[in-house]
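One chain, chain A, appears in both complexes that follow, with chain B as partner in the first and chain C in the second.
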Partner chain A sequence: MNQLIDIIFSASFGYAVIRVTTPILFAALGSLIADRAGVINIALEGTMLVSALTGVAISAYTQSAWIGLLAAMIAGGLVGLLLAYFSLNLKTDIVLSGIAINLMASGGTVFVLYLIAKDRGISSSLPSLVLPKIQLPLIDQIPVIGAIFSNHNVLTYASLIAVLIVYIFLYKTPLGLKVRAVGENPDAADSVGISVIRVQYFALITSGVLAGMGGAYMSMGYVSWFAKNMTAGRGFIALAAEAMGGASPVGTFLTSLLFGFADALSNNLQSLSVPAEFIQTIPYIATIVGLVIYASRKTAQINKIKQQEK
Partner chain B sequence: MSKNLRFDILRTALAIGIALFIALVIILFASKEPFTAISQLLIGPLGTVRHFGNVIEMTIPLVFTGLAVSIMFKASQFNLGAEGAFFFGAIGASIIAMKVALPIVVHPLVAILVGGLIGAVITGIPAVLKVKWGASELVSSLMLNYVALFLGLYLINYFFRDVNAGAMVSLPFLETANLLVLIPKTRIHFGIFIAAIMTVIAYYYLYKSKRGYEIIVTGENIKFAEYSGIKTGKVILMAQLIGGFIAGAGGATELLGMYTRFSWQALPGYGWDGVIVAILARNNPILVPIAAFFLAYLRIGADLMSRTTDVQNDVIAIIQGIMIVLIVATSFLSKYRHKMIFNEAKENLGETAKEGK
Partner chain C sequence: MGKEILSMQNITKVYPNGIVANNRVNFSITKGEIHALVGENGAGKSTLMKILFGLENPEEGEILLDGRKLSITSPNVAILNGIGMVHQHFMLVPSLTVAENIVLGSEPRKGKLFLDMDKAIIMAEDLAEKYNFDIDVRAHVKDIPVGTKQKVEILKALLRGAEILILDEPTAVLTPQETEELFKELIILKEKGHTIIFISHKLHEVKHFCDRITIMRNGRSMGVYNTKDVSEEDISRLMVGRDVILTVTKNKAQPKEVVLKVRNLTFVNEFGKKALDDISFSVRNGEILGVAGVEGNGQRELVETITGLLKCGKNKILIEGKDISVLGIKELRDLGISHIPEDRMTYGVAENLTIEQNLISNTYDKKELNNGFLMDMKKIIDTTVDLVKDYRIKCNSPKQTVKMLSGGNIQKVVVAREFATEPKLLVADQPTRGIDVGATEFIRTKLVELRDDDSAVLLVSADLNEVMELSDSLIVMFEGKIVAYFEDTDKITEEELGLYMLGVRKQTNEEIGGVVYE
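This part shows the complex of A and B:
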């Protein structure tokens, strides 16, 4: 037990939490934008995989990590576009469209991986690059704080800034207002002249770009290669984090951090004598518990309002 | 009604055709020997008894998870726990098969029953969370699949592992537990009958019983169901318990029929395949075996293709995705459908006009 406490209160654990939160946070923000526009993006998992592979492939080909990142973001946006086309134009149920995309992504990435790297599991034969880490000036000098917050991957800082941008976008811009209006009541939004389908297209593409950044981080920061199904359910955890965060940017950030904590804990406890399989369930159980707490709070609120109305 | 069915069949066939066509184009570009690859994919499984046997072997678990997902989707419950239920059902059945001494015939049946009950628990948890607290069954069932995976591995690797086996596998099953192999030269086992019985029961339950009717009504319009006095909470729960039971029994059957030890170290993916099967079969249990056979045929064809040529079997993933999207797409061919309905109405109108004279 003491050992556990030592681990949790060490600076390296704090650093690890932030490090593993990044991909979840990106995907959760993507989930948030889509959700606020009234469309569920369950394809986040597949989107991250596609972008992770694209980042590796393009960075290896161009020998520029930045172009790799850009390509990963574009790829994410395209997957979002595909989801939007399936669900909004072809009118396929959006959950099933998302499942279809996830299936295509998990098999398709392996197919492409074999074509370019001649390996079905890992991309280590490709000379892909990683995005740089950043030393924060001043903060770097502070003991403990510096060790926790400095020297992260550039995308980690980008994910924190993205929380702010998503917040400003949703609550302070006309387009953000439109997104929220469409999500709250599409008929009402339509009646005041907002093109619901366009707004939802925009939301799903943006959602894809954000998940794409999470994917790029996985293969060009978290590790330096692409591996088969490397996202390991992070896209789904992100859905849960967003739902639990009450579909608000700050709430989503905090819950993502919570999952990051569970994830980091499971990584760290593996060095103790606790069985690894047991520990690996932590993030998923935490997700279920969190989801139930959030949902039950919400139904309680609704019941309260109903009673007041009576 | 028959027109609707005809339209559904046409649309499904066209969706499959388009998906296959796209896959063939991809193979043409990606392969140095595209024609061998394509012929392996399409007619490879017919080549030998053993390969065709492989198709039937793979059909069996797909029927189970296809039925499981169909029933849950019929109630409009996006519970994706069939994957975890299948896996954990297999774990439960293995423990019975390893550690409980029972006479022949009874042994596998008990193991399958236990597998089914465990499966029902796995899909039942998200169902209860949904009915009681309104938590999305979609997300919680996805999470639960991972929990089932790791807990299952924990059980096998720590308590039932065969340390002398040289790989991460369980102790061997007792001989009384294995399902009978029916056809020599293949591994087609007794589970095929269990799958057939499940199919018939699921069909009658869903379409010919009061409870099944409640599931269908609840799935189509939950408000309407509530106003007609159906206890929708109970119905939703029931559908998912039954789905989980079938998936769990499927995992158990697969394991006892095909293996002599528990050797999975990852989720086998049959739960997700069940979604594909259910969509192909339009959630109709009687069509599930056909859809399962089709998917198994494609899979084995793809395996043979990747073994003999330079095309990887993952190309099948693209076929599956396109099929799902096009089959479920309500606006795919909708113009044609309108035309069909319009023509039919016009004919009827003409007839009534004649009768009027």
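This part shows the complex of A and C:
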């Protein structure tokens, strides 16, 4: 037990939480924008995989991590575009299309991996690059704080800035207002001349780009290779984080941190004498517990409103 | 009077199902008037206005704005030409503020990228002040009352430069106080030079606030009148009338025991309005009690509380002395209630299932159709084949899916199923709406047969012809109350009925109390 407390209250654990929160946060922000426009993006998991592989492949080919990142973002956007085309133009069910994309990405990335790296599991034979880490000036010098917050990957800082950007976008720009209007009452938006389908296209593509950044972080920051199904359900955890965060940027950030905490815990506890299989389930159990708490709170709220009406 | 600013000439609109909604209608308005467009449900008022706002395209006819011929192909064209419409169902985003809703789609910007919220608030406030609207533009739409939501809709139209404002039954959802406030505001709009088209069937409002009236009936215009030249009685006579008369031969009713008792039933709807206000009546077996009234005066709520779709208080509705408030719909049906719903595609049938499956959907679990653990397919086929024959459902086989049938035959499926259980009480809500003459006549005859077999029938219909021909006795609903009771339907005229339906007249409580039997 003492060992557990030592782990949680160490600076290296704080650093780890932020480190593992990054991909979840990116995907959760992607989920947020799509959700606010009234289109649920369940394909985040697959999008992250596709982008993770794209980043590795392109960075190895061009020998530039930045071009790799750009390619990963474009790939993410394209997956979003594909989902938008299926669901908005061809009118397929968006959840089923999302599941299809996830399955396609899961198998397709292994196939492509074999084509380019001659390996079915890992891309270590490719000379791929990683994105740089950044040392924060001044903060770096502060004990504990510096150890937790400095020296992260550039995308980790980008994900924190993205929270702010998404907030400003949603609440301070005309397009953000349109996104919110379309998500809540498409008829109302339509009646004032807003093109609902264009707004939803935009939201799904942006959602894909954000998930793509999460994917790029996985293979070009978190680790330095692509591995089969390396996202391990983070796209789905992100959906849960967004729902629990009440579809608000700040709430989503906090719940993403919570899931990051669970993830970091599971990574660190593997050094203890607890069965590893049990510990690895922690992030997923946390997801279920989180969703149950969220749902019961919401039901209580609805009941309260109903009672007031009576 | 000002000069004519808009005229619609010879407008004809035929819907794909063959219903002629507008038949060479002429309609014109002059600048700065409040022009009422009145007519019964289905008279074609809304269609005419949808054409004007670009939501429907007419088959024939033209629209002239300021003498210029104009082709209004979409709402955007209408808005660009200064025509605005406030729909019956509000087009607002609840979690946004009033100001955000008003500027949505034409937001002021700070620089290129950012929303200028301060300017949006100022714009909304200036607009509200100009027209004397009392409104907090910072409030969230979800927190404001219905009357205020309507103001937001009007302001939205005004911001987009509406000179001509169409209001589709704006008072239908308002309380009397809100209605009065709305009219004060409309008069201010009129003084500022706006022209208002006001769709309504509430005659006292029309009489008090409107300058001229166009009356529609059965898709035709019955003429334009200066409000001061016509009385409410005149308007009612022009609005209400029967064109085609289908007669059903029937003997005099022999009512016996009371089956349905409704006592002091009140229902408050989601807008906090009393949809049903202290209603009491009885239906006895062997009689058809008709409920007449313009739609939206509480009939739907009445039907839904009796059939268990809406919950009511204890001891308000009794069937053969049993309080139904504690019963589920299945238990109600087992008690002997049948229901022909108003909306047959939603509540009447499962359109993707077969005729056979629909016909047994209320009896599939009964002993007669089951063979221990399994369904008795042979019995089911026999039963449904008989029903298809008896009710003359035109189909290739009972295995056909319901959605392949015509409206009249779908309704026959519903009627066959509901009648087959030999109900103690049948609630028939608009049983012949939108179906062909043959099916209508057949269903009406069957209704009378059911009555003669000692069922109690509650018939709700907005079709005057139907309630007058079929009902033995009749109650009239207006604004959630029963305003008249006629023990013998044969003794009243449609003109008389129209006056009660439109709220011009009301019987005394003693007269209305005649419908309460113990």
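Quick notes on this structure:
Just so we're on the same page, the second predicted complex is superposed on the first by the 310 of 310 C-alpha atoms of A that agree within 3 Å, B and C clash if a C-alpha of one lies under 4 Å from a C-alpha of the other, contacts with A are read in each partner's own complex, and residues count from 1 in each chain.
Here is the rule we use: a contact is a pair of C-beta atoms (placed from the backbone, for glycine too) under 8 Å apart; a residue touches a chain by one contact, two chains touch by 3 or more.
Fair warning: this is a prediction, and the values are worked out from it, not measured in the lab.
In the superposed model, B is the one of chain B and chain C that contacts more residues of chain A.
Of the two partner chains placed by the overlay, only chain C lies in contact with A:173; chain B stays clear of it.
Residue contacts after overlaying the shared chain place A:189 against chain C, while chain B stays out of touching range. Applying the stated contact rule after C-alpha superposition, one finds that A:233 touches chain B and leaves chain C untouched.
No residue of chain A contacts both chain B in one complex and chain C in the other.
If you check the complex, the residues on chain A that touch chain B are 42, 86, 89-93, 95-97, 99-101, 103-104, 106-108, 110-111, 114-115, 120, 233, 236-237, 239-240, 243, 275, 277-278, 280-281, 284-285, 287-288, 291-292, 294-296, 298-299.
Across the complex, chain A is touched by residues 30, 78, 80, 129, 133-136, 138-140, 142-144, 146-147, 150-151, 153-154, 157-158, 272, 275-276, 279, 312, 314-318, 320-322, 324-326, 328-332 of chain B.
Chain contact summary for the complex, chain C toward chain A: residues 75-76, 79, 87, 90-96, 100-101, 104-107, 109, 113-115, 117, 156, 160, 270.
For chain A in complex with chain C, the residues that touch the partner chain are 172-174, 176-178, 180-181, 184-185, 187-189, 191-194, 309.
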